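Before I ask anything, here is the structure I am working with.
The chains carry the letters A, B, C, D and E, assigned in the order they are written, with residues numbered from 1 in each.
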Amino acid sequence: MAALTQAAVGAEAPAARPRRRGGLVPFLLLAPALLWLVVFFVVPTISLASQSLQTGDIDNGYTLTWHFATYADAMSRYWPQFLRSIIYAASATLGTLLLGYPLAWFIAHRAGRWKNLLLVLVVAPFFTNFLIRTLAWQIILTDNGPVTGFFRATGLTNVLQAIGLTDNNSLLGSQFAVTCGLIYNFLPFMVLPLYTILERLDTRLLDAAGDLYADGWNTFWKVIWPLSLPGVVSGTLLTFIPAAGDYINSKLLGNTQTVMIGQVIDAQFLRVLDYPIAAALSFILMAAIIILVAGYVRAAGTEELV
Amino acid sequence: MAWLRRNLVVIIGLLVMAYIMVPNLVVTIFSFNKPNGRYNYEWNQFSLDAWLNPCSSAGMCEALGLSLWVAVAASLAATVMGTMAAFALGRYRFKGRSATNLLVFFPMATPEVVMGSSLLTLFIAMGIPSGQLTILIAHILFTVSFVITTVKARVASLDPALEQAAADLYANPTQAFWKVTFPLVAPGIAAGALLAFALSFDDYIVTNFNAGASTVTFPMYVWGAAQRGTPVQINVVGTVMFFGALAIVGIGQLIGARLRVGSRRKEAL
Amino acid sequence: MATTTKATPGDLKLVALTRHFDDFVAVDGIDLVVPGGSFFALLGPSGCGKTTTLRMVAGLEEPTSGQIMLGEQDITGTRAYQRNVNTVFQSYALFPHLSVLDNVGFGLRQRKVADWRTRANEALELVKLADRAKQRPRQLSGGMQQRVALARAIVNQPDVLLLDEPLGALDLKLRREMQIELKRIQQEVGITFIHVTHDQEEAMTMADTVAVMRTGRIEQLGAPSELYDRPATAYVANFLGQSNLLPLELRGAATAGLVTASARGVQVVVDAGQLPADAGAGLQLGIRPEKLRLLGPGSDGVANRLNGWVTDASFTGVATTYLVKMAWGQELTVTQSNDGSARAGLGDEVTVGWDPHQAFVLPAGAD
Amino acid sequence: MATTTKATPGDLKLVALTRHFDDFVAVDGIDLVVPGGSFFALLGPSGCGKTTTLRMVAGLEEPTSGQIMLGEQDITGTRAYQRNVNTVFQSYALFPHLSVLDNVGFGLRQRKVADWRTRANEALELVKLADRAKQRPRQLSGGMQQRVALARAIVNQPDVLLLDEPLGALDLKLRREMQIELKRIQQEVGITFIHVTHDQEEAMTMADTVAVMRTGRIEQLGAPSELYDRPATAYVANFLGQSNLLPLELRGAATAGLVTASARGVQVVVDAGQLPADAGAGLQLGIRPEKLRLLGPGSDGVANRLNGWVTDASFTGVATTYLVKMAWGQELTVTQSNDGSARAGLGDEVTVGWDPHQAFVLPAGAD
Amino acid sequence: GSPGRNPSGSASASSSPVAAPDKSDTDMLVNWSNWPEYIDVDDNGNHPSIQAFTKKTGIKVNYNEDYNDNDEFFAKVRPLLEAGQDTGRDTWVSTDWMVARLIRLGYVQKLDYANIPNSSNLEPSLKDASFDPGRPYSLPWQIGFVGIAYNPKATGGRKVTSVDQLLHDPTLKGRVTMLTEMRDTVGLVLIEQGVDLGQVTADQFTAALKVVQDAKDAGQLKGFTGNEYTKPLASGDTAACVAWTGDVVQLRADNPSLGYSLGEKGIPMFSDNFVIPNLAQHKKNAEKLIDYYYDPAVMAEVTDYVNYIPPVAGAKEILLKKDPGVANNELIFPSQEVLAKAQTFRGLTAEEETSFNRQFQAVVTG
């Protein structure tokens, strides 16, 4: 399990510059996976691209007419959902970061021999079906449950309501519940890369900072945080990307005001049967993610994507 | 006050840990429930019924079996292919390396509905009938990227001097790989396989598109069942899987610790 | 800032300073006064508690008991960032994400010093790295990094500068250079330096006062030459260089400051002034390798002489080190400066001799 | 296996060995013969091509051109695992997943040696680690790991053992111990050792022959004392320890093997036998610090003398090193053995002198 | 893309063959896809009626509950049907409007009534469906009404009796769900507005949808759901919702306090129907299966468990003896008076379907 540490799920090892030229060898090694990705991912993606430029309907069939207007149409109609998805994904990412950072630090530096066990516990939720997990959240946040009771008794619901995260004095069916679900689901993807980088962090630097008159807060911002950026970058990517496309959480824990773009794609694809617009929306989503990610990665200055 | 300041991170860490564990705890608790009605959402009465008759919910155990089989097969295949690719990417410089890195990254960024449906279209065009094979292909596709990323990090942090030492000690490249490289990368591979297994075992959307007429995986079963009620047996499976994962790792660590303690004791003698 | 003359800072006093880790006593009640402005070295083998002591002074470790005073002030309870004490860490601990200039300016900026940039640049000039200000630490060689760490600490004009094996990772040549450099800087800025090392040569070259530590306690304290020439225990003697130790039995009384005695049956004379007050458990005679000389013909005047044969000779440039086997099996180490004095070959029968005033006498038992 | 006496292995010959990395020439046509059974040291600054040379001998790097011969056999084209050559890597490169015993037995098992276990245990005894056979490498200290790496290499009884800065990571004390240990083992097993280091003292202490490398070429090759006492270039002189260099102009002709000359206007005599054949570009006089002596009263007989005043004195136990400033500003380094000879204090006016036969003369220009 | 398809969509017009060589006689098997929990189950997880069928005919039933949702299921099989490939299923149960679409696209085969003698037991009122006039392609499996369900615990004891109340009562704000089934949700509103579902116009549809949109914008609606509305209703997280009768009957068995109201002006009705897709490998076996379930005794057994309205005449009589509680339940065996109010959404043209869907989804996912 210490391996999951290495899972790095992103963090780049410092000694990690590839160093050899191997003639054919790398290509032979890559062949199976690459073949798989090309046949089962690239090819469908290309046909998806062509689909996004077709016109027609289910009864008369679709023909490729290079109808780029679909993209403009998709954007103009669904920009609010795009925006909302980005905002939700971003706030979920922020949430996972806020919760995941102390947890990763705790596991890396304070957990002693419990380290491995805690790492497994972080990943273990994946072994319980996603629907059961989400239903468990429904049980936890239910109107008559103790959590809601606590929130009501302490007036926290009013606070949440005031900032627009909930309404109706309940927790379920709100932006709050959706964000909670998203954070919960993607926390492991944040914690693992953060853990990998924080564990490697040279704690002597913290002593040095203290020695140079930095108190706890300054030590964090001036030393720990900048040094953990690579982990923060991979963690945020691995959280943000799937969260932006997710809709299970918004569907089961949200309300009619919390529809995310994944739900729209789903509806266009399955219910309206408007394949071009569904394909176009998918492409816009992928493109948006990749542009955001590329810009982010460049700004953060890490060499490789994930 | 000083105590609080020093242990703040521990307290927060434990709270977040609790946040992660609470849903699992709920699942576990409700696996001992005897619900009043078909929905298992309110505590009614303690009962071991579901634990004693785990398969009494029609089709669940078959679905579970299928899911386990698919997860094992897919994670195995993804692990083999992903490990090979990770070696290529972590080890060699070659033309198109960054393009390949990008290609590996894309499937992780693709919405599942899109991946599921476009794969289905492809299978039909290729004439591959939907069923276990198509599920397997799809699962390998979306897990292989995770394996590659995971193993690549491990491969990259491997000291190249070790393989050279093996060569220096008369091991030809094949022997050097199996005796030195592989055992050292193994933890990374295990992590990748574990992640692949978890992702495969938990996937619904992509699977649902590519499952044939009579292949129902466990997530599909759960999704279907949840429409009309949630049999307690689902919680039993969730609980078993969760503690199973813990146990496997726990035992692994125990064996490791035993070995270490053993050698330390010898040292003391 | 190098040009500002500072008022001599107060003395640093450690009073019964103790630190336990669980059951383990890392530092065991140290009492110590380090005069302000002096260059003080803490010497001892790995694990004897040097770093722990230093960290307590820096405020990075809490003492289990005892006090730390800086001048008149008790600083035991203050936190690291509140102390006017800076450390050069063994591993440098430079911030890899900051430029050299930002590293050096870190402490000043924390204290909101307005002209931090000017002062950091001055400190870099002091360590001769002004031209590297924009680079990242990892672009510098080990020696340069060490100097950055030094600049980063002294720029804050601390009352005490702690140096934890700052030269440990450097190669020999660089180490020698840096030793000279450090001493120069200390003389220039007049800050109290506490230098931790386990390299005895280093401690002796650099420090005004050396304290030899052993399992959490201070074994002996004094000027380098005092410790070297008159070690109080065999432990100190061995720690500060090699020694040839012989069991010693006193035979005669003191005449002209000399006493006759017998070492392994050979008659020798020792300096009466060196006999320890309490010689209950027997005595040992100690002679440093470089104080032993291969005697050529015509050196009959030397009072102390032992015969043996050369079992090994190794040339080190400056000197040649011989192992000379005695009749009773012990091998004495003799370091002969390559200044033109007698050389010997492997297997040669030789006589070694020494001046009684250059040997020392220890109580036996205490090792 | 330590007890088996081996037939002396063949000589190792490098013929015009060259290695390019893209445009960069790391090793630039080395010609070299390492006699079988000798202890050979390759010395040079970081980046001069030592490791690359070693790796080519081990078969881990392919030469761009040139040949490698082992005895009569050309091994240039063979692969690493086919060569009877073993390496102790700078970083040890122990297999972390194998026990110490399995590490040591690795090569034997690869070659299907039936009694690998016995022989591996014998090798561990040789390096005094028999009791650690079951442990994992990371449970050992740095010095122990180094010995395991050594045992792992020599257990295979290679024709040539390559050691790439095997002691670089050890601390001073341990390094000295291991130097003696290595030399003992080499004498015991009689294998050719090629030892790479950038520590000149280490090279001189251990090796029969030392080659000084510089940017891919061999600058000078010979016995340690030869290189130290008669460096061919200033580069070698400086690399093998400190030197005081003075510009030299010949004045007179040779009488009794001595030539008069002038250094900075002061008249000196030099050994005629040391004048280089080609003195076109002018000459330099070199004197090692320990060959310079502070002259006390009554040393008028010394032919070469320079006056100056002491600007620094540092006591190192064995010796005291003085910096003596000359009238023209240069500071000469003088290392005076603490064997009872004259000492001086800071600021004292002193006269330093040297024996003409203990100085050396270099062509100027060549640095 | 696909080649142009004849919009008339009759099976014969399709370019690819529709019927596969029937393997029924050699291969005693039938593959049936159905909705989850839509058949009788015993304590061991077996389906007694299926076991009895196998025993009786020797035909093994490969029963799969993989029909979770009309659209999702359609998305899974459409590419196969379009490409002229076997779907691996011999029959499945689609909702009325989906049957219409399947027929339109030429994806389903005509039933051979010679193999279904029991089809004469079909309730007379169901014989002629607007989506399948004369029922050449489909036979109903179960029928249900769409109404309003509420949990008195969550409404504070108040009854919710009208769409108007559902969409505008401030005490229900944010705790109301509607169905993602367009015809059920919008149909309920249309009837409230006095529109006959058999005659809906595009404008009426848009106007009704506007009401839903306004309620949603006002924060009245918590969500649009599929079958997953039931659990929150039972637990009280949802106060009131649009619901299907069968579900409500079952929920009330566990929680009798749940309330239910059917519209005064009219009641939207839906049916789920057997169809046989193109290239089904065991068409005859599928027809035998349908025939088997049209035996009133068998259907009674199913009804006793699933609690929807059976389409087979004579089932009530059998249940009156076996399980009077079910037989007398107005929601399972509605009175003639109630039945008279039942309305079915009219069949839509391809263009209408696309347009309505697009508008409706704009509300649902807006």
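FYI, contacts are C-beta pairs under 8 Å (C-beta built on N, C-alpha and C of every residue); 3 or more make two chains touch, one makes a residue touch a chain.
Just so it is clear, the structure is predicted and the values come from calculations on it, not from any experiment.
Common neighbours of chain A and chain B, by the contact definition above: E. Common neighbours of chain A and chain C: there are none.
Between chain C and chain E, the least number of touching-chain steps is 2. Chains joined by the most contact pairs: A-B. Distance between chain centres (mean CA atoms), chain A to chain E: 37 Å. Chain C and chain D have centres, each the mean of its CA atoms, that are 27 Å apart.
Here the spacing of chain B and chain D, counted between their Cα centres, is 55 Å. Shared interface positions of chain A, defined as residues touching 2 or more other chains, are 135, 138, 142, 269-270.
In chain C, no residue touches at least two other chains.
Within chain B, residues 41, 117, 121, 159, 223, 226, 230 each touch two or more of the remaining chains.
Which chains touch which is summed up as A-B, A-C, A-E, B-D, B-E, C-D. Those residues of chain A that touch chain E in the complex are listed here as 50-51, 54, 56-64, 77, 80-81, 135, 138, 142-144, 167-168, 170, 172-173, 251-252, 254-257, 259, 263-264, 267-274. For chain C in complex with chain A, the residues that touch the partner chain are 55, 58-60, 79-82, 85-87, 89, 91, 93-97, 106-107, 110-111, 152-153, 156. Listing the residues of chain E that touch chain B in their complex gives 31, 33, 35-38, 41, 43-47, 62, 64-66, 68, 72, 75-76, 79-80, 83, 85-89, 226-228, 230-231, 234-235, 247, 250-251, 253-255. Of all residues in chain A, those touching chain C in their complex are 202, 204-205, 207-215, 218, 222-223, 226-227. Residues of chain A that touch chain B in their complex: 1-13, 15-22, 25-27, 29-30, 32-34, 36-38, 40-45, 47-48, 99-100, 102-103, 105-107, 110-111, 116-118, 120-133, 135-140, 142, 184, 187-188, 196, 216, 238, 241-242, 245, 262, 265-266, 269-270, 278-279, 282, 285-286, 289-290, 293, 304-306.
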